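Consider the two complexes below, in which subunit A is the common component and subunit B and subunit C are the respective partners.
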Partner chain A sequence: MSVESGGSSAGSARATDGGRFGRGAEPPSEGKHEFAVIGRPLPKIDAWAKVTGETRYADDFFLPRMAYGRLLRSPHAHARIRSIDATRARALPGVYAVITGADLPRVKFGILPVSQDEEALCTEKVRMVGDAVAAVAAVDEETADHACRLIDVEYEPLRALMSIEESLAHPEVRIHEYGDGPNVHKNVALQFGDVEAAFARADLVREDVFFYEGNTHLPMEQHAAVASAGPDGKLTLWSSTQTPHYVHRLLAKILEMPAAHIRVVATPVGGGFGGKLDPFAHEIAACRLSQLTGRPVKIACTREEVFYIHRGRHPVLMWIKTGFTKHGEITGCHLRTWLDGGAYGSYGVASTFYTGVINPVTYKIPVYKFEGARVFTNKPPCGPKRGHGTPQPRFALECQIDKAAEQLGLDPAEMRKRILAEPFTKTANHLTVTTIGLGECIDRVVEASGWRAKWGGWRSQSEGASAAPSDNRRRGVGIACSAYLTGAGTAVYWNSMPHSGVIVRADRSGGVAVLCGATDIGQGSDSILAYLPAEILGIDPKDVHVHPADTSLTPVDLGSYSSRVTLMCGMAAIQASQRLREVVARAVARKLEVDPGALAFRERKVGVPDDWEKAVDFAQAVELAEAMHGVLAFAGSYAPPKRAGKYKGGGVGPSPCYSYSACVVELSVDEETGEIELHDVWIGHDIGRALNPLLVEGQVEGSVYMGIGEALMEGQVFRNGVHKQPSLLEYKSPTTLETPEIHTFLVETDDPEGPFGAKEAGQGPLLPVIPAIANAVYHAVGVRCDEVPITPEMILKGLELRRRGKAARVGPERIPRFTFKEPVVVESAFGQPADAIAVRPFAQ
Partner chain B sequence: MIRLPAFTYLAPRTLDDAAAAMASHGAEAMLVAGGTDLYPNMKRRQFEPTVLVGLRAIRDLQGVRGGARDGITIGAGTTLSAVAAHREIIAHYPALATAAGLVSSPQLRNMGTLGGNVCVDTRCNYYNQSYEWRKAVGFCMKKDGAICLVAPGSPRCWAVSSSDTAPVLWSLGARVRLSSTAGERTIPVEALYRDDGIEYLAKQPGEILTDVLLPAADGWRSAYLKLRRRGSFDFPVLGVAVALRMDGRVVGDARIVIGAVASQPRPAPAAAAALVGERLGRELITRVADLAAGPAKPLDNTDFTHPYRKKMTRVFVARALASLAGLEPAGRPAEEVA
Partner chain C sequence: MKARLSLTVNGETHDILVPVHKTLLEVLREDLGLTGTKHGCELGECGTCTVLVNGEPVLSCLALPADLADAEITTVEGMAEGGRLHPLQQAFAELGAAQCGYCTPGILLTAQALLADRPSPTRQEVKEALAGNLCRCTGYTKILDAVELAALRMGAPR
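Let's look at the complex of A and B:
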């Protein structure tokens, strides 16, 4: 795999200067390209532990007297609970405790304040196969397992609703009593400008229907938690979670105990991807069981349970209508989405908005209307998965653009370049975009892939390019682009506190400790928390001790989601490090009798560059500072700029800045078997600045890999109310053999909002992969797959249609009969200049 | 984690001890070789033996003996990695090396044995599921229940023979040696199988498969193509084994055996017969492929749709024949890199 990076010109038209805490954090005496740590391909600070198997995940925790817990889960997709009798289980030797919902306070909870619809252990109804109804703590897992089988639950089965259509067609069956209508969790409509007028201005108006099947995160590490209630009445939970802070808040509510008496520690997370962002039954049950037994209790979920915990990609049905001029410019766009939410709210309200609000960030869409509805079904709840709500509409828009390009006779790469959003402007839906490196991303992948020769104009589609005349395989290339947020601009609960906090502490050892609530889920946030202070203080990242994700010790960070960590923790870490640096500089300046501003921090020394022999060791510098100032512990805080659009729903979508990606895929399709083989993926990603190109490359490749799975095979599929294949073997996800060569190009736009100019890398690069594959399939064999995953069966069906002289399109035929809300009508803010970057909260 | 149930593990060092252990523990006991099929199945409570008779310590079950000229004998305990890498097998029984090398994943092939692969349990996606899952759906007759969920109303189980090597061994005319306290017998591999998802082996439970015997290579050429979603890891949902011997410019003899479309490997004798005495050309191949696909009756209990698997039978037979005829490369069977 190859990576290249380079500076960009596309994003350089800057509205304001970055200020002290953005790029401006560079040490004054060191030039832009002379960083000691930033931009270097260093190993992750936890790399050694990971590769040698030393990392201690939640399931590796063993405490004295620890009991093992297990959850009894519902075998019914939808049923009323008549009774639960645990007598036989309690009598089993080795069983310490059995609890049901009756042993927990009767409070419903949910990650979003507007969707408080979950119970850790269901008391009245189960809403999916896998809903937990009871929990056991026992001497070992086998006994706990056995005890679960001895719990007698009497159910009254209810009709299970397993699809959007079914749930809408049966309003008499209610999965929940709340929501925006029978089985409708959320119904939203936003309008920015007059779409009908925009369509009237267009030379071409397309309406298309797409379907994106749901899929799951598939982290290697299965969820696990250990709870320990102390004799002092306090409670500690170690859990594989992406968001210890939210779990902490909700545990206090669920267990009805003061948050001050609860400590949540996130253990190293073996993959999250959004699947460990809610409070879960196993965590809550472990806590309660520990309180009741006085023993630490561990609950480690099985792979099958992880499929039921889910919170993964929503299946989304989409209708999209877009007007194009003959040059390819978009005059307006109207998008409708129906989300299959599964059994609970989770992040669903946010997901619903996300299916609509990010599309306008990529291209010039002057007028925009979005209607979305999330429907409850009796399946594991959907939620945030890498790209949260945006891969689905991205697939729809990018495939539609491809179709429009063909009708207009335009090169789809050229067409996209022509319609790129303008840096430092607002979108129709009032989102402020800053730098945009997408044009360069497109240039890089177009050039590297040999796009022009390979694409070669819109050919008659019965004439796919084939390697050899006798070969059944036809080659094709496809292109798509995307944008993604670098951190959600608002927290999941309303507050005006920092989104992230960092404490940097130094002492005479010369070591620096960094405390931050952020959780490293494999993306490398712990490493970022070492690199940034090391850069600013001129020390080696190895001298930094990172202490993450412990609600008793570390300042609050909201969690590892929405690609917010590097930016938000990074900014807080920069601020805290700067504060430390100032104090150290003052002390050293006094000793050397120079101006503090003249000092450089590098090579573990502090001194004046021109008189470097006099420079003092960092440890000694800290000693001087400690003597002068007292204990050296400095805090940094970060909250994103407040730029939400002033309309209801405007809180979802704003972000300090957006990353951009462009992707070209080359593949071949076997016309006899329908099998697709990927050859190469070229992906350009506007990263703002690669703080560590190696980590960015890892995130980009991981995203591409995950996108391939969603495009070609992964599907959360149900049969008779039950997940059809809840196992790593039968839930098909690509292996290394299905992963083609990935060529990564990093484009640096040096964004004024990001730490040293950095944007996100963890999610955005997934987005263009799926439509690029669909577009390449069309280029290869002339079959339009308006549905993912694209299976061999679909290809053969498309080819068969073509043979019969019909439109070779495979995808959903209908959209549900459904009335959306009256839209919130707001004027389009399209093209307005971005507001000058105001002083950020907590900047002083 | 799903836990294995408790069981007693016996590790006999000789075949006789193993046979005796099987005889004395009766229906409570099962044989285990690499355990790559049995242990996961036990975790899901598809089997609940209380005694396992391990074969790994028995020397006599290891290794490949003999040569292609007179036929070779492969100990049942030989790992799939060893079979796939064996020079004589690669050179003279290439389909077997291919099939062994396409089983599951490199790690599992290092543990999994040829004997275990020949005896591997039949599969069905209503059955290869945890106890809790099967309970939620309703147990089926293969384990804990009374009906078939794929073909309700059917008196039998249609779980799918999912061994990669079985159809190849059948097409190569292999025989297997079985040993028990009652003595030893050698039978053609096809006599080992029955078309029943539950009782898929026509041997006594106490009989140990000790060797696989391949006849002299004698000019036979062979090919194996496997259909699965991914290039590794996945069981076959269709396996096509073709062996043929040319007689001058025409086909002298041929066997076609299709795997993973029924509860046992399914031979296609009419198709094979149509090859004999003919020159291997494209037209003939198309005709033979149609004939071979005829008997394949996959049901909807594996990955991919069953009409697709049926359709692919024709394509895969044609491709296997074409590759043996030197007409085209053999598709993409061997994606696995060991």
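Let's look at the complex of A and C:
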């Protein structure tokens, strides 16, 4: 692992450390062994429960008198509901209750305030196969299933619109009555500087069209929820959700009951990836059924239902026009995206912006124009999957850069290094960038992969690198880079409160309880919440008891999305721990008759380093502090710096800091069969600082794996309104056999915005994998695949085109007829110095 | 129709009365309270619900208890002996091979069967043995590493 603080590209414009380590901390000395916990490859605190099967996921809850629920879902992609008759179902022995939309308040909801377009149980219309229309609670699942089949629903089928083109071509068929035009959910246009002038200055202007197929999260745990309405009128929901806070808020609205009487507990989540970020029909139905039956009600979704819940990767069609100088510098970029949003809004407005706003964070793009439109279709709604809206335009840009590099005769790795964004500056679209370790990431993967020898220049495709003349396999390497946010700078609903809060409480045993609303979805947030207080208080992570994600106990954390948890909860945990430490230090200082600033906290002791034999045990120090101060419970709060660009739409994209990744892929393509075999993936990731390198590597490896799936096999495809493969067997995802060796290199830039300098790792490393594979395929066989997933059929089609003397490109041929809005025109902020670091709410 | 059955799980024999079509997965979780075995698809596609039957990996979502009257069934709860973790469990925890942890029980048991059969498997053999167990979190890297580490430790003289 690289531990030089930043290398040459990270910049040295470090602000004071007051905001980084919290008030009262001594700035750590330089060097690798400055920390006792941070930077060490410790097991996760929940690892033991997970390897023994003791972790209780939502579906593992069995409560006394519990009933089992089931949803009846629409078999039609688009239909009016004429009537629902549940008489036969209600008469079935063992059925406790049957509800329809009529049994819920007539309130539409949605995760974003601007897209309140969902009903838990549809009342007038269904907009996709899988929309819920009724729910049953019964003595067991089998009876509930049976009862669902006895509910008579009369539908009037409507024309189903199953693609962007179809939805735009049929304005007379309306999926929703709101939006920016018939079947257009959102239409955005932003312009930062004069792109036409930038193209006129360029030596090379490329226009390319790309398509990125939609795919789904496919968590191994199917969504499940258990609701229990008490006789006191209060309600508790245990759910596999990544956002207990948003579910809490929305349940109050949907059920029309006081939020103060609702408790939402996020159980350990068996894989999220963004798929458990919305409030869902099964959660709401479980609550209502529990209220009506006076029993706890569990609804565990089937694997097929998880495909309908979806909220996964948007299919996106992209047109990208970029000007390059002969040295590879970008003069300007114009990007248009069309998103197939599916049947509901979900996070779609944010997704639409995300297809445009993050690309400028990676390279110098002095002027930039982005136009995007999200279109409703009668498919499961898309939303935030790992990388949220950014893998698609990243694929487009990185493949286009590869094409430009070839035309300009440049090494694509060298070219990228030449055009890296400057640390501590603003982008054209007014995003503030802090540290950038991308140059070092590129160096590391170029070196480790043997890039120069393997790439060996742009070769003519007649001389492919095969092992032997009889071997149809051709080897190739490809490179791509990316950037991703470390936490969204704005909340889903606008407010001035903290994005994350932590309470740290010390007890007389020397144990420390940490309460935080964060949800562990496998990424290790519970562990981070133990490591940081342990580091600051000089105790063992095992002494820390983490109590996460319970809205009646824990301060709000907005949720496990946008790679925000380590940074935001981490900063709040540091602040709370510092406050506890100060009080403990004062008490120990009084006893030892020394200055509090002279005290060190380590090895479960507090004392003066030069007089360590007098150091007091941490448990005793806590008792001294409690005697002096009273109960020791301290809160920490975090909200990101307010840096949103001052224009409409400027709220999507800002982040405290951005992570960077560079990836080299080596693969073989069989010219006979079109099959692709991945050999090795080298990935360099700028993590800021690895709080636990083991967990960071795990996030990077998992991201690479998921990128491989998206690049080569995963796709949600529909036929006649019906999902073609709503099962784990037919929806292809990589197994151990398709996953190559992944070589991870962590680059540390010690970002002034992050906890101990840390940035995100959970999403960014997915991004470069997909274009790196496409670029490697081209390097191997000379076929440009401007569409993912890249299938053997596409390869064979490209090779056939080449044999016929045509351009060996496979991908979308046209873009829709569509009029974007007049753009919001804003001056480019490119190259301006970054705003001050550590000017944050609640920092003091 | 219900059947009275005797089922031996983790060395303990249970007398149960269950519908004959109830799967082993459902009986383990709902009747015996052994929730360490997880649902993944209930169609035999993902490997999540793997348990050992007489030492062999079996998808419990496709198995019927009625067929298993004389069998020794092992679930993840039965891997540790006398409070001491199996070396596979130890290695998975130490190396970060369990992220969300949902596929972990099935993978641990599949790996246990592999190591019983082949104490020093090659990486490719580990990959082949685990090819039927999907994991969406780890990219498999740390899982393969952990199986190799456990094999090494189990082979080492005590």
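We take it that the second predicted complex is superposed on the first by the 813 of 844 C-alpha atoms of A that agree within 3 Å, B and C clash if a C-alpha of one lies under 4 Å from a C-alpha of the other, contacts with A are read in each partner's own complex, and residues count from 1 in each chain.
One rule holds in what follows: a contact is a pair of C-beta atoms (placed from the backbone, for glycine too) under 8 Å apart; a residue touches a chain by one contact, two chains touch by 3 or more.
Since we're looking at a predicted model, the values are computed, not measured.
Once chain A of one complex is fitted onto chain A of the other, the partner contacts of A:832 are absent, as it touches neither subunit B nor subunit C. By the document's definition of touching, neither partner reaches A:123: not subunit B, not subunit C.
Shared-chain residue A:302: touches subunit B and subunit C both. When the two complexes are overlaid on their common chain A, residue A:620 makes contact with neither subunit B nor subunit C. Legend: residue contacts after superposition of the two complexes on their common chain; A:735 is shown touching both subunit B and subunit C. Residue contacts after overlaying the shared chain place A:325 against neither subunit B nor subunit C.
Shared-chain residue A:163: touches no atom of subunit B or subunit C. Of the two partner chains placed around the shared chain by superposition, subunit B is the only one that A:673 touches, whereas subunit C remains out of contact.
Of the two partner chains placed by superposition, only subunit B is touched by A:722; subunit C is not. Counting the residues of subunit A touched by each of subunit B and subunit C gives the higher count for C. Subunit A residues 59, 222, 300, 302, 727, 729, 735, 737 lie at the interface with subunit B in one structure and with subunit C in the other.
Here subunit C touches subunit A in the complex through residues 29-30, 33-43, 45-46, 48, 75-77, 79-80, 85, 88-90, 92-96, 98-105, 108, 126-128, 130-144, going by the rule given at the top. Of all residues in subunit B, only 1-3, 5-6, 125, 128-130, 132-133, 135-137, 229-234, 303-305, 308, 311-312, 315, 328, 331-332, 335-337 touch subunit A in the complex they form.
Chain contact summary for the complex, subunit A toward subunit C: residues 41, 43-44, 46-57, 59-60, 62, 217-222, 268-273, 300, 302-303, 521-524, 694-695, 697-698, 701-706, 727-729, 733, 735-737, 739, 741-742.
On subunit A, the positions that touch subunit B within their shared complex are 59, 73-76, 129, 141-142, 145, 222, 300, 302, 304, 470, 672-675, 677, 713, 720, 722-727, 729-730, 732, 734-735, 737-738, 791-793, 796.
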